Amino acid sequence: MSRKLDRKFDRILEREEKGLNGGKTMNRSLRKFLKNRLAIVGVVLFALILLASIFAPLLTSYDPLGVDMSSVLEAPSREHILGTDKIGRDIFSRVLYGGRISILVGLGSALGAAFIGVLLGAYAGYKGGKIDKFILRVSEIFMSFPQIVLVLLLVTILGQSLTNLLIIFILTGWGSVYRMTRARMLSIREEEYVQALRAFGLNDFIVAYKHMLPNAIGPILVNITLSTAMFILEEAALSFLGLGVPLEIATWGNILNAAQDQSVLLNNWWIWLPVGVVISLFVMAVNFMGDGLRDSTDPTQQG
Amino acid sequence: GCSSNEDPAETPETPGAETPGETPEEPAEGGVIYSNGGPIEFFEHPWLNPGSFLYNKTLFDHLIVADENLNPEEGQLAADYNISEDGMNLEFNLKEDLFWHDGEAITADDVKESIEYALKISGLNAVFASTFNAIKGAEEFVAGTADEIAGIVVDGNNIKIEFAKLAPDALLTFTQFAPLPMKHFEGEDPLNFQQSAFWQSPVGSGPFMVEEVKLNEYTTLKPFDKYHAGAPSFSIYLTPSPGDSDPNLVTNAQAGMVDYAFTKSVEAANSLKEVEGLNVTQVDIRYTRLFYPNKFPKADGTPSPLADAKVRQAIAYAIDMAAIAENLFKGAAVPANSLSPNEATKATGLNDYDYNPEKAKELLAEANWDEDYELDVVYYYTDQQTVDFMAAIQSYLKDVGIKMNFRLLEGDLGSLLWTPPADPVNGPSAVEWDLAYAANAALSLHEYYDRYQTGSSSNSHTPSDPKLDELIEATNSTFDTDEIVAAFQELQKYENETLFTIPLYYQPTFVIESDKIVKGAPAYGNPQFNYNWEIQNWEVKAD
Amino acid sequence: MKKEREVLLSLNNVKTYFPVKKGVMKKTVGYVKAVDDISIDVYKGETLGLVGESGCGKTTLGKSILQLVPATDGEMNYNFDGDVKDLRTLDRKSLDAARKRMQIVFQDPHSSLNPSFTIYQSLSDPLKKFGVEKKEDRRKIIGDLLEAVNMRAEYMDRYPHEFSGGQRQRIGIARALSVNPELIVCDEAVSALDVSIQAQVLNLLKKLKEERDLTYIFITHDLSVVEYISDRIAVMYLGRIVELAEADELYKNKLHPYTQALLSAIFVAEPDRKTNRIILEGDVPSPMNPPSGCSFHPRCSYCMDVCKVERPALKKYEIDGTDHYVACHMVEQKKEGKYNGEI
Amino acid sequence: MFSYVIRRILSLIPMIFIITFLIYFGLELTPGDAVSHLIPPDALANVSPEQLEAVRESFGLNDPFLVRYFRWLGEMLQGNFGFSISSGVSISEIVMRNLSSTIELSVAALFISTVLGSILGLLSALKKGTLADNVLTVAGMIGVSIPQFFFGLVCILLFVLKWRIFPIRLLPHQTSFVDEMKVLFLPAMVLGISLTAGVMRYTRSSMLDALNKDYIKTARSKGLSEWRVNLVHGFRVALTPVVVLIGFRLPMLIGGSVVIESIFQRQGIGSTFVTAVRGQNYPLVMMIALFSVIAVLVSSFVVDILTAALDPRVKLE
Amino acid sequence: MEKETRENDVILRVKDLKTFFYTNNRCNRAINGVSFDIRKGKTLSIVGESGCGKSVTASSIMQLLPELSRIEEGEITYFSSDGEVNIEKLPKNGKKMRSLRGSDIAMIFQDPMTALNPVYTIGFQIVENLRAHMNMSRKDAKKRAVELLAQMGIPNPEQRVNEYPHQFSGGMRQRAMIAMAMSCNPKVLIADEPTTALDVTIQAQIFELMMKLKEDFDTAILLITHDMGVVNEVSDDMAVMYMGNIVESGETRDVIKHPAHPYTKALLQSIPILGKGRNQDLEPIRGSTPDPYNRPVGCQFRDRCDYMTEKCGEMPPEEMVSEDHMVRCWHWKEVLK
């Protein structure tokens, strides 16, 4: 290992001696992010799956809901790249269109939770006092449930639907964003530039949202990506249990639900394996991105 | 809170096992057969689904035993029985030396008390209910003006039942109705019947008795050595599963843990066929899946789009049930043309509504179908197959120009599905849907049709129709077999024509037996009901 | 020799306590008396040095004056061009007016500027708040300010990380100047800088003061620096002022034992000077439960019985024609001729 | 310490009060009630509304909401958690019955993930930047990205259905410890491995954090051997946040094994909760929800105590 | 003759040391040719501005450099009682190097708050050092630790030895650090800004303690600081560092009285001197230190220097002003006037 490092050092030294290494104008975080090969893989995969979902109509001519009783449970073929399901729907098309909903749920909930969490956390963290105490208590109540228990409870209370699922995820997810933002704001609050702004008597909202928030955004972004991954997994798990998005809407989890049937599991791998792999890949891509972001925004990590 | 359980501490005891002098001299020399459908939280009482669960069929005996077609064969607990020509008087003589699993003797009073108690519980099997309610004095008893049912007279081993009105399914009822040791229910609220501690480890009268209950894990049944028809030679091990759709059936079977089971799942049946040592037999049963079309005007007064029979017929024509049955149900569903299954006595020449989209379009045009109207279809099954089926229907209806939307019903299903309108003639409808996808399982044909009589408490979708009332009445007004058959055939024809329900398919059930069962039931009947399967005489390979 | 000077800010018995909360219930179990009964006048146009060891309450006092930390008790009378008002009782609007007159410069060049904003963005909002509506006007003002602190106007579009510590500190000063204040509190404004840069900033501060007729409250723990810049120096110990005098006077006649120890602890870069170092025993006690009586008594080599029980008041003495304030029993007794020990 | 415990517990009471009220209120808002689930929908067609009404009455479901809530609360405070509406069995009995299986699974999974995760995380941190580290990092990533149930399904397909290495359920005569371990193995492994990735990543970053600290340099400057520096000084400090993480996971495991329990056909608290929620079995839902909330609160309390034990800077007040 | 004895006095010699950093794929020549001697029982101070390479020098001697850095060339020779040891050649964490660390050469750090492991008692951490180098039983080591604490002027050592770092005040912690460093009677003690984080009154206490220990144990001290006052008062020799080079070194008195390098001179003129009041003239140094990745060619100080000529584009050699007074400047003669 040390020999490998030595070689690397020599290379750098040599290059510098030749007077290279000028003009690095790129932002340091961005550079580190790009240097993180896994993050790049993540971005590429993420973009690929996302674009494929968005432009699904260009990639497949099949209607994800198009029943064709004359070709059921067909194995992958040229006609149906990933085969068909029990009522002859094209699985490839279902995976693509299902991605729209699954990604919407994941990203939408993460963004929604982040929006509420950041909105409240930034202000309460900066301002402190009664508001902060109150919101903190509320978030404590939400967080004293194991996540899945709370989600299940809310699913029964609100009923099963796509919007409800989004609401539920946002309800269960804002607490952690709130706490993180609040904690960041608490530490930023002690930074001297904030004290300086306060010495001018600037409006609290301007100080909190305009001046302080941008500096707390790094970890929040990381949190958004990682919770996107989490929500996608959670949606899939709930749908798998039959408690998520109503079964008639194609989502990755709902497609996988078919694998609960053991004969499908044993005989029709194309129904569950590709979706399972796509979910895993997508979540992995998001995680890679989140990790890359974390590394690039974390000043203590060096590379 | 709950008053059903005065003393929960004594719940887990197995009453049968601790009766003195009852130690089994010899454990069954035979092997063990494995089955699913064991209790999860509790043993389901046998007065709603008399034979759905293997434990109910083996733990409880009935007064009469039926053959595989559910026709009364001979006495079981009863040494003999006798019904009068007009069907208004029924008499049983109990066998001597009958015992409950706890060692107590079975008396005629137990039978009488069981019937009385059954009338007080909620969720009594519909056939039982109509039979018992027909007994003389039942009305007074239910109303609370009489302490007992006057029409049931007990004398030693003799029980005489006198009916106030004709009960066409009286004998059928007693082939399925299991008397219970009523002393275990003393002081308990009949409304909380299922919540009684009794159902944690019931005491029965059948060939097997509960040996060990580990709820959620397993339950074992052992031979009852005082069984009146001779104790069996093997024991039974039950794995828990919810109802008749056991998601783990295949896994269990592959692990060698299924020797006897039945399932309605086509997929499971197909997988099981491939498992070595298992034999799968298809059995036709009285189980119909259908659409209830809501023909009452909507709450806002607009007429139901389904009130026109042409629309209902168009829907029937538009759906290619044959293709669905073959592909989605793997050939294990039979397209239906009536609520009544295809039995020997069924009317002939019924319209099968074979797939015919052109005809459907024509009918719709005649009916002035509004292309923009979106049919609201509801269902309450939470499995994937139902959703797939709905999706298939949606796609077929789309082809003929009917938009439809389907959704899972959640909440208080009783009122969402079955609340009849206050005015059974003009409506408006008390429920919101246009079509409800549901199942009708029936012990007897009466059970299929009786609810369409005007004034029925659960007919939420078909407005009062004098012709229909008349046809139904005809099936219930005689005890003569031929007349009954003729009446039903008339009814079937009317039904087939008007489609007051839209039957979709009949679902058979699959009985799975392993090679371990050397000698099994003499004939295959509906595994969800009680018939003469002689389990006490089965021969099972030892492990 | 004594001249009547205009008082700009007069602190009377100012106290700032922080509650100490403990346990699950977050019960207040005591107070950190960060500023404990301080009375002092700040004259217009002077530089008042405030020295003391870490944790003695210098920053807290500065922040209390600027109303960044609410004081617990006392009066802070500010002279609004002849109109004297207590800062603590001002309403929002008058407080804004006061904020235009007082500003603060902080210690840490790394956290004193918002890392994600350019200099222009950072300085723009305060200007907007104080009525400079047009963008060009703001750019002009900021450019001028930067030039005033010896930087180029076009630097306003750069981000803080592009500047060295000294430059940032100068930007911090420019920010404080942006509203044309009369009073600037410099909280350790040069402590984090390298010596070579420190001099740049000190000279800049001196220059600005002359140009703009500023008043400084200069907080530091570096006695050499405070001597260099201040007209008067106040020495703090555990939330109180123990000695206050003209700068030269203080170095000539250090009366309080703590001041003596503090000054003698300084290492001086003059090879021929012999320092007679007084090494104090022990550490600075916690401000949560300061010692009884004179809070310095446990470390004081002149400690008398009275010091342990009675807290000495800050008393004025006239020495060489200047006012010299000391809070010490020993000095008091000596002045009255009662004390006969050595100093 | 003792008074700390008492005070902590007292401070939890209002929280639990609010939470139970919220759950009760939430369940109240849902359409339908337990009675509509007692009887299968097909059979419901044969039950008259009056009969249903009578059943509701007999369960006390017709009383006003607040009356029911406070009755429940009162009963609970007396240690009477009520009876399951569906079976009439006492709820504490149901919970206890299911708890053991869940705990068995959780503890096994926790053990696997803790041991494996912290060792791998430690290795990964010490070998930072090497191939081994990269492989572990990517593997960890994959580990946290694969849906638990998908992983479980694949395991069932391979190990149970195809190769038949593990049973999914025991035969009656298989009561030995070895047999029990055999059924436990697969679900515990699936759950454990899917948790391992998280522990590993956490340990790694916590360890790297610790290794960046000044006192590590101090330890090296004393001439201590590398393993002593890394383990005694680095890992010992890195352990605290890891223990905290694991502590917080404990209650999550109790509820979080729902999926695993469902695909491996294990009856446990998770699956019971799902059934209860679906059947609107209020007393049972309340009890399990309450139970899991208490588990969270208690484990955060245990975490506090552990942190105090591990980190001398932390004092319990 | 004089030269002879000086030569024999050397305990640690650094010659032409270069240590580079390779973070972010760039090379930072953090120290670029540094030479100095540490004499037995004497104190050598290294002064310089932040980032000039003082700490890296110390870490190089201890071989405690971070991962992405290496010693490029030069020698670090430790003259132990049994012969010379070339430290830079030893494997980083090898046995030999470890046996030197903490026993022959010990180190104390700037921030006593973070340099002690918070989860172990002070006693544990001292005992650990003792047992790593001396064949001592746990009990003896503990006894010795108590003695050491007492020696460092910590009251109540028997009780304090079982306390954790957070229970100590800053000054106390630094005393504990010193106790740990001194536990094996090191020949060389490297103190990297030992009082920067402490109050002035505490700083005075610590230096008094260190000077006393130096006398008692005849330990050579390498004192890293940025405070000229401290240099002046506590050290025998000094070296002024700027951007990775030692620009001037010699006996403290000599250098401070007659600075030969423009940087040294400017530095001395830019700090206020206590007692001189408001009237002293501070002459700030122009500009600021260059970007370490973008170092000027030749003399590093030239851009800020009043004496700058074209010649300064080339790195000046080490020249001797007097016998032990070294300077690196083309114009040192002008500077000396």
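In this document, chain identifiers A, B, C, D and E correspond to the written order of the chains, with residue numbering beginning at 1 in each.
Note that contacts are C-beta pairs under 8 Å (C-beta built on N, C-alpha and C of every residue); 3 or more make two chains touch, one makes a residue touch a chain.
Values in this document were obtained by computation on a predicted structure and should not be read as measured data.
Asker: Counting hops between chains that touch, how far apart are chain D and chain E?
Answerer: Tracing touching chains, the least step count from chain D to chain E comes to 1.
Asker: Steps needed, at minimum, to get from chain A to chain D via touching chains?
Answerer: Shortest path length, in steps: 1.
Asker: So which has more C-beta pairs touching, A-E or B-D?
Answerer: B-D
Asker: Between chain A and chain C, what distance separates the C-alpha centroids? Give it in angstrom.
Answerer: Averaging C-alpha atoms per chain gives centres 49 Å apart.
Asker: Report the inter-chain centroid distance for chain C and chain E in whole angstrom, where each centroid is the mean of the CA atoms.
Answerer: Once rounded, the distance between the two centres reads 33 Å.
Asker: Distance-wise, how many Å sit between the C-alpha centres of chain B and chain E, to the nearest whole number?
Answerer: 92
Asker: In chain D, what residues contact two or more other chains?
Answerer: In chain D, the residues touching two or more other chains are 30-31, 156, 161.
Asker: Identify all positions of chain A at which a residue touches two or more other chains, and write them in rising order.
Answerer: 159, 260, 262, 266
Asker: In the complex of these two chains, what residues of chain B are touching chain A?
Answerer: For chain B paired with chain A, touching residues are 247-248, 250-251, 267-268, 270-271, 320, 323-324, 326-328, 382-385, 387-392, 394-396, 406-408, 410.
Asker: Quick check: in the complex, which residue numbers of chain D touch chain B?
Answerer: It is residues 30-33, 36, 38-49, 51-52, 54-55, 58-60, 71-72, 75, 82-90, 93-94, 97-98, 101, 156, 160-161, 164, 167-169, 171-173, 265, 267, 275, 283 of chain D that touch chain B.
Asker: Within the complex, which stretch of chain B touches chain D?
Answerer: Per the stated touch rule, the residues are 1-5, 8, 11-12, 32, 40-42, 48-49, 122-126, 129, 189, 191-192, 194-197, 199-200, 215-218, 220, 237, 239-240, 243, 248, 251-252, 254-257, 380, 410-415, 417-419, 438-441, 451, 457-458, 543.
Asker: With touch defined as at the start, can you tell me which chain E residues reach chain C in the complex?
Answerer: 49-50, 169-172, 199-205, 207-208, 226-234, 252-253, 256-257, 266-268, 270-278, 280, 282-285, 288-289
Asker: What residues of chain A sit close enough to touch chain B in their complex?
Answerer: 65-67, 69-70, 72-73, 85-89, 159-160, 242, 246-248, 257-258, 260-264, 266-267
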